[in-house]
Amino acid sequence: MIDTFLTSITELARTSGIAQLFTMDGLLNLAMIAIACVLLYLAIAKQYEPLLLLPIAFGMLLVNLPLGAVMDPPTTVIKPLTDEIQESAQYAMIELQDAAGNLLNGFYQDKNASVSGGLLYYLYQGVKLGIYPPLIFLGIGTMTDFGPLIANPKSFLLGAAAQLGIFVTFIGAVCLGFNYQEAASIGIIGGADGPTAIYTTGMLAPHLLGPIAVAAYSYMALVPVIQPPIMRLLTTKKERSVVMKQLRPVSKVERIFFPVVVTLIVCLMVPSATPLIGMLMLGNLMRESGVVDRLVKTAQNELMNIITIFLGVTVGATATAENFLNLQTLGILALGLCAFSIGTAGGVLFGKLMYLFSGGKVNPLIGSAGVSAVPMAARVSQKVGAETNPTNFLLMHAMGPNVAGVIGSAVAAGVLIAIFK
Amino acid sequence: MEEITWGNTLSVVLTGLVVVFAALVILIFLVWLMGKIFIAIGNKKNKEQEQQKQDARRQAQQAMADQAKADQVKTEQAGTGQIEEGIPPEVVAAISAAVAVVMEESAPGAAYTIQRVQRAGVGRSAWGNAGLAAQLSPFDR
Amino acid sequence: MIDTFLTSITELARTSGIAQLFTMDGLLNLAMIAIACVLLYLAIAKQYEPLLLLPIAFGMLLVNLPLGAVMDPPTTVIKPLTDEIQESAQYAMIELQDAAGNLLNGFYQDKNASVSGGLLYYLYQGVKLGIYPPLIFLGIGTMTDFGPLIANPKSFLLGAAAQLGIFVTFIGAVCLGFNYQEAASIGIIGGADGPTAIYTTGMLAPHLLGPIAVAAYSYMALVPVIQPPIMRLLTTKKERSVVMKQLRPVSKVERIFFPVVVTLIVCLMVPSATPLIGMLMLGNLMRESGVVDRLVKTAQNELMNIITIFLGVTVGATATAENFLNLQTLGILALGLCAFSIGTAGGVLFGKLMYLFSGGKVNPLIGSAGVSAVPMAARVSQKVGAETNPTNFLLMHAMGPNVAGVIGSAVAAGVLIAIFK
Amino acid sequence: MEEITWGNTLSVVLTGLVVVFAALVILIFLVWLMGKIFIAIGNKKNKEQEQQKQDARRQAQQAMADQAKADQVKTEQAGTGQIEEGIPPEVVAAISAAVAVVMEESAPGAAYTIQRVQRAGVGRSAWGNAGLAAQLSPFDR
Amino acid sequence: MIDTFLTSITELARTSGIAQLFTMDGLLNLAMIAIACVLLYLAIAKQYEPLLLLPIAFGMLLVNLPLGAVMDPPTTVIKPLTDEIQESAQYAMIELQDAAGNLLNGFYQDKNASVSGGLLYYLYQGVKLGIYPPLIFLGIGTMTDFGPLIANPKSFLLGAAAQLGIFVTFIGAVCLGFNYQEAASIGIIGGADGPTAIYTTGMLAPHLLGPIAVAAYSYMALVPVIQPPIMRLLTTKKERSVVMKQLRPVSKVERIFFPVVVTLIVCLMVPSATPLIGMLMLGNLMRESGVVDRLVKTAQNELMNIITIFLGVTVGATATAENFLNLQTLGILALGLCAFSIGTAGGVLFGKLMYLFSGGKVNPLIGSAGVSAVPMAARVSQKVGAETNPTNFLLMHAMGPNVAGVIGSAVAAGVLIAIFK
Amino acid sequence: MEEITWGNTLSVVLTGLVVVFAALVILIFLVWLMGKIFIAIGNKKNKEQEQQKQDARRQAQQAMADQAKADQVKTEQAGTGQIEEGIPPEVVAAISAAVAVVMEESAPGAAYTIQRVQRAGVGRSAWGNAGLAAQLSPFDR
């Protein structure tokens, strides 16, 4: 008995994660765990987009505990069908028939020999199949007020200009040696829109989900740090102190038509953007219609929260040491920062253009809000504006480009998916 | 498109920017058009509504006066009663039934009928406040 | 570069939805989009069952945007297993073994070559596999008060009689050239019960899901228009003015026994009705037991709302131009109206019978509530009764047949599924 | 059954109607029977409860009188205290512990014990109102 | 017509569940239905863990209604691909290619010939794949206050000692003739933790899910009956009257570090426990971090309630007559009672040891709370303590071992899964 | 391990108990260590906070006095205003904007600025009470 106990306990020790930590791979895992802890610190103590960064960091921690197997795919063992099995009706069977309907051959899944996958593998399918990001967009749609954009549709231009960061970063990533699929996914970080970045990366380069999600959400949390210097650099004091005139009120009918019109135009022009834009606009239509309040409440709360937990943890769980601990990740972090900065610059510069053409009626500071990062970027416009002229309230004017940026980056994502998928 | 060349890369960038701008410019036009149309319609309606509101105010004053009278006289009126227009009949039915159930408990067997069903006043919707509150919602993607 | 740009942009234009709109199929798509917009109008402006009609209409819109591919099934590419692949443990593998357990052959799914399905395709599986409608019934069970039916069990007869519409319409549909599966699904529109109609159609004739769901929910919204003339036509003023005596109070124990008894009887007699009736009665048992309030709250709110969104959008997404734009749809709309009318007539006529046999104690107007359409049809009984005698409160008496109609049509659906599946 | 004939069709209709009516008639019988049984049981219980209620009312009056006295005298009674029957012991434990935690904060180290745990009164359940409210629930399938 | 009607009605009667009840199997089904009704009575009238026992009992009832087929697996019919099918793009296709990418063969799933599975079969996959129990642990983590355990970490020892029941019962089950997998699953009943028991049994011996879940939840409800006599028997009056000193306050930082530390240690030592412990600790981290309140609210309410309904009904639905009506079930019920009793004894005896070594500062009554059964077992410690000394408030001190017991039994489950899976 | 022998069985039991105890003993050590560290840190911080609190109290009294004065004098001060440290600038922006929207409605076109943004007082967190309430939560697995 002592023998078998010793065998058993050494076997258990050998298959424990601790033994694995003292291998080369184990050290990489330790490094990843340390990174996960740093992200947890940022999420909790610094409140960097905690709703996603906390689950992402924890998923990263779990997947790097050796032998935890939480992301392992299942192994399915299929065996030829015997009469005995067929009668027991206990198994999921596959019957292979010829065209005439005669049974050629049968198989069944041997459940005892098959190994089921890890918990996070199953939850991850919602990311892999592109299901979670559109459902989060459904919830975001129910929470977004497109009123300021309807009141001032020219804001769309700023939402388009701020996508510059996506495409310039795409060139940069290609120069750094990423392939086109990877470069497109990295570029989308500049969209400053989490679900869009995750959707695009899940479609084009799923192995980069970890670093791209971390970059996207970290920089979104850092928008109040990244944007203001760029905004001050590119604008004159006179431009920053422009007071814009109060937006017109928007009628309920316009609000109801808006999501339908956007769906029609965008999905017809860029069909690959349909899941994202379609769900965003369904959510918004549900919100503005005012007739399905109980669905709206659930879409923006419970459904969105459930999906957020699953998405966060499983995106984090793609960040294995192999996927994350390499120079690529550093490249992605650097490129992501460029993407945000260039997007901001694009928005502000286009804002200056509008300032010129409007005869000084447009404050170029609202251009930076075009990167999306709703509603943080709009608040930054407000804040920087208030520095120059404390009586200037740009928030509502910045919300226009801000929500236009969501549509803009979804369109850009659609174009890239259409080209590279 | 897999082969990495400067031509391919720049063409992707150009394509992307053109499509994004094209889509959003079309949206600008349509949303602007929509705005024009609905503002035009809205102005027309507003004038009518203004008129209606004044009428309603007059009616309400009249009704309050009536009510005061009715309370004074305290006569039990049988019949169909007064039901404000625009209240769907199902709601009336529901209110009636609710009253019935409650009444049945306190005075079983008594016959009664609904005298008046009116909407409670609706406060003005402060567009600015509500919109702002939504914008500042706690869930920052 | 300009060359490749032009190639790229024309390729994108060619694969955009706009180009497709100018084909023959595209015109049909345009027609479907117009229909979707009409349904949106009915859902929002006219409030025709908006909780389902709004998602259905939007799903219809999305699926008819050319190349959106939101309902496309996935294509799975399976390749023979190589040692390299087997070691990487990155893929879902299928190992084919002989009876002795030797590896005959192995396959793996090549994820790069495989194309994943559209968003709505995956969400649609809950309809196709018959999962959503029973879960909605779970929520409905938690919201249904069977008290009036327990107090007056004879109401069950009216709930049975009003199913006449189902079977007469079945004959009509067969005469119009529908096959038995289609005719049965069309008949169930007369059950005036959305989830039952969708469950049956999903099982028997999924290609008709779109028109049948639209017909079912539209006519349910139109119950206050369809029923009153039929009710007035078939009853005398004397019958309509019958005042029924107050229902007895129902004890908590009876309410708890009721769902168990109904489950046992109905599921034993008509096993195919088990998913619907079982879940309806589980929900009701949860409600009446009073010991699982937190589950009840979730089943009737968040779970039900999530399922309603998914069900609505994906049922709408079955309405492709091919499935919807044909004479069959017109036939279904006409037959659905017949089904509602004949069901109403069946209930009222059986009510007259009960009026006779009870010596004038039963008001035949409560018979029309037997079609279900809870609680609209019961309110119609109340309203029509109040026209003749304003002091007459039929609502509680009509709730008995009303909820009995839910059980009645689930039984009818079970019978038809058992025969035709 | 795939072949479409009048015989098949009518047979389906007949089968359907017969099964629907059969199932619901059986349910009528069982629900009716259930009603009879539980009403019989209920009547019996009601009488007992009526008796109990009267007893309880008397007890309550007695208790209130006691309480009044106790308040007047204001003597600190040590010991097990009075705990209403039917309150589960865990609840008592929980309340005790809650008191303990709160007391510990304001006067650490002091010893004390629970004097009395009573239920707060439960209002009568208005069956009619509640049932009606449920019927008129906002989710119309 | 009368002929076909008679054929049809007799066919329907033959395939109804009633006919089946009068077979030998039918009688067994009737017995199971009776058992389900007894469990419903316990859940509703006696409030034995109704949140799970009610759904379990109803699932048991549904699956034993003959021919209801709610737990039937699907049958998939795969046919060789024809050009016609391939073009229609209506089917989920499988293309078999050789290494060079040439199409060797193609198959498609013939949806008309395939039979989809029962409702509960699909919902059951969440149990079978080990998804539901960790998600319930996520919710439990958001509701658990580990403060008392952090304040007094020695409580961990009591949470370990109370797992004695698991291992002694394992021996007992082996002696009664159960195989190792079954014996391990039965032993875990002594963990007094529903999700852990269901997770382990789902992994090792899914055919025992029904009796094990029923035993686990019944005995958890009976903790106030089972534990006190054992506690009184094993302790002296002097021991029971020990007043423990107030716990120190625990800082927010400690509370945040705790879940991370536990995850690292436990998941490294026992990787098989990762899904359970990882999700429990993620939930707790979300709770204690205070930055993701909206996720916490959903995880502990709606997500947990939805999963609880699905888990309960489908675990109940594994209790077919074949699986449940045998001597094994009686053995499991007896062994489960032993497991609870021995676990209680183990905790109390170790408590006595701590009483000795601490010089009388530890009240051994808090040892029984180490079985988990949160928070019932801790309340029992409080109650039995108050019997001897009414001024003694052990509740907070008993919460330490109580929540340690959750971790302890998850570790034990991990060990058993690692050895026997 | 499939073959059932006493050796195997007992070895499983021993392994299980050893691993469970080992894991939890390690946790005891780490949690104890964590406690020591954070209590040490906490004590240090507490002293500093104590100091700060006193300062804050003094400041608050001062501020109230100022406020009282300000109210008396009722002079309109223009300028940047006082903003409590530690309030994130976005929150200030949001509050400013909210004020702007509301003011715009009542007095369009007027210019104004934020004078003072202060946190409302936070009550002391009653650890014992809150912890206990959580423990007694209604969902008993």
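Chains here go by letter, A, B, C, D, E and F, matching the order in which they are written, and residues are numbered from 1 within each.
The definition used in the following text is that contacts are C-beta pairs under 8 Å (C-beta built on N, C-alpha and C of every residue); 3 or more make two chains touch, one makes a residue touch a chain.
What you see is a predicted model; the values in this text were computed from it and never measured.
**Student:** Based on which chains touch which, give the shortest step count from chain B to chain E.
**Tutor:** Steps on the shortest route: 2.
**Student:** Thinking of A-B, which of A-F, C-D or D-E forms a repeat of its interface, with over half the contact pairs identical?
**Tutor:** C-D
**Student:** Quick one: point me to the chain whose Cα centre is farthest from that of chain C.
**Tutor:** F
**Student:** Measure off the straight-line distance from the CA centroid of chain E to the CA centroid of chain F, and report it in whole Å.
**Tutor:** From the centre of chain E to the centre of chain F is 35 Å.
**Student:** Round to the nearest whole Å and give the separation of the Cα centres of chain D and chain F.
**Tutor:** Inter-chain centre distance comes to 40 Å.
**Student:** Rounded to the nearest whole Å, what is the centre-to-centre distance of chain C and chain F, using the mean of the C-alpha atoms as each centre?
**Tutor:** Whole-Å distance between the two chain centres: 49.
**Student:** I'd like the Å distance between the centres of chain B and chain C, where a centre is the mean of that chain's Cα atoms.
**Tutor:** Chain B and chain C have C-alpha centres separated by 29 Å.
**Student:** Multi-chain contacts only, two chains or more: what residues does chain C have there?
**Tutor:** As it turns out, chain C has residues touching two or more other chains at 8, 12, 51, 269-270, 294, 302, 376, 395-396, 415, 419.
**Student:** Can you list every residue of chain D that touches 2 or more other chains, as numbers and ranges?
**Tutor:** As it turns out, chain D has residues touching two or more other chains at 1, 8, 10, 12, 15, 19, 94, 97, 101, 104, 132, 136, 139.
**Student:** Which residues of chain F touch chain A in their complex?
**Tutor:** Touching chain A: residues 1, 6-8, 10-12, 14-15, 18-19, 80, 89-90, 92-94, 96-97, 100-101, 104, 108, 111-114 of chain F.
**Student:** For the complex, give me every residue of chain A touching chain C.
**Tutor:** Chain A residues touching chain C: 72-80, 82, 107, 110, 113, 128-131, 134, 138, 256, 260, 263-264, 267-271, 274-275, 278-279, 282, 285-286, 289-292, 294-295, 297-299, 301-303, 415, 418-419.
**Student:** For a test of understanding, state which residues of chain D touch chain C in their complex under the given definition.
**Tutor:** Touch residues, chain D against chain C: 1-2, 4, 8-10, 12-13, 15-17, 19-28, 30-32, 34-35, 38-39, 41-42, 127, 131-132, 134-137, 139-141.
**Student:** What part of chain C is in contact with chain A in the complex they form?
**Tutor:** Residue list for chain C touching chain A: 8, 12, 15-18, 21, 33, 37, 40, 43-44, 47, 50-51, 54-55, 58, 61-62, 65-70, 89-99, 116-119, 122-123, 301-302, 305-306, 308-309, 313.
**Student:** Enumerate the contact residues on chain E facing chain D in the complex.
**Tutor:** 1, 3-5, 7-9, 12, 224, 246, 376, 379-380, 382-383, 386, 390-391, 393, 395-396
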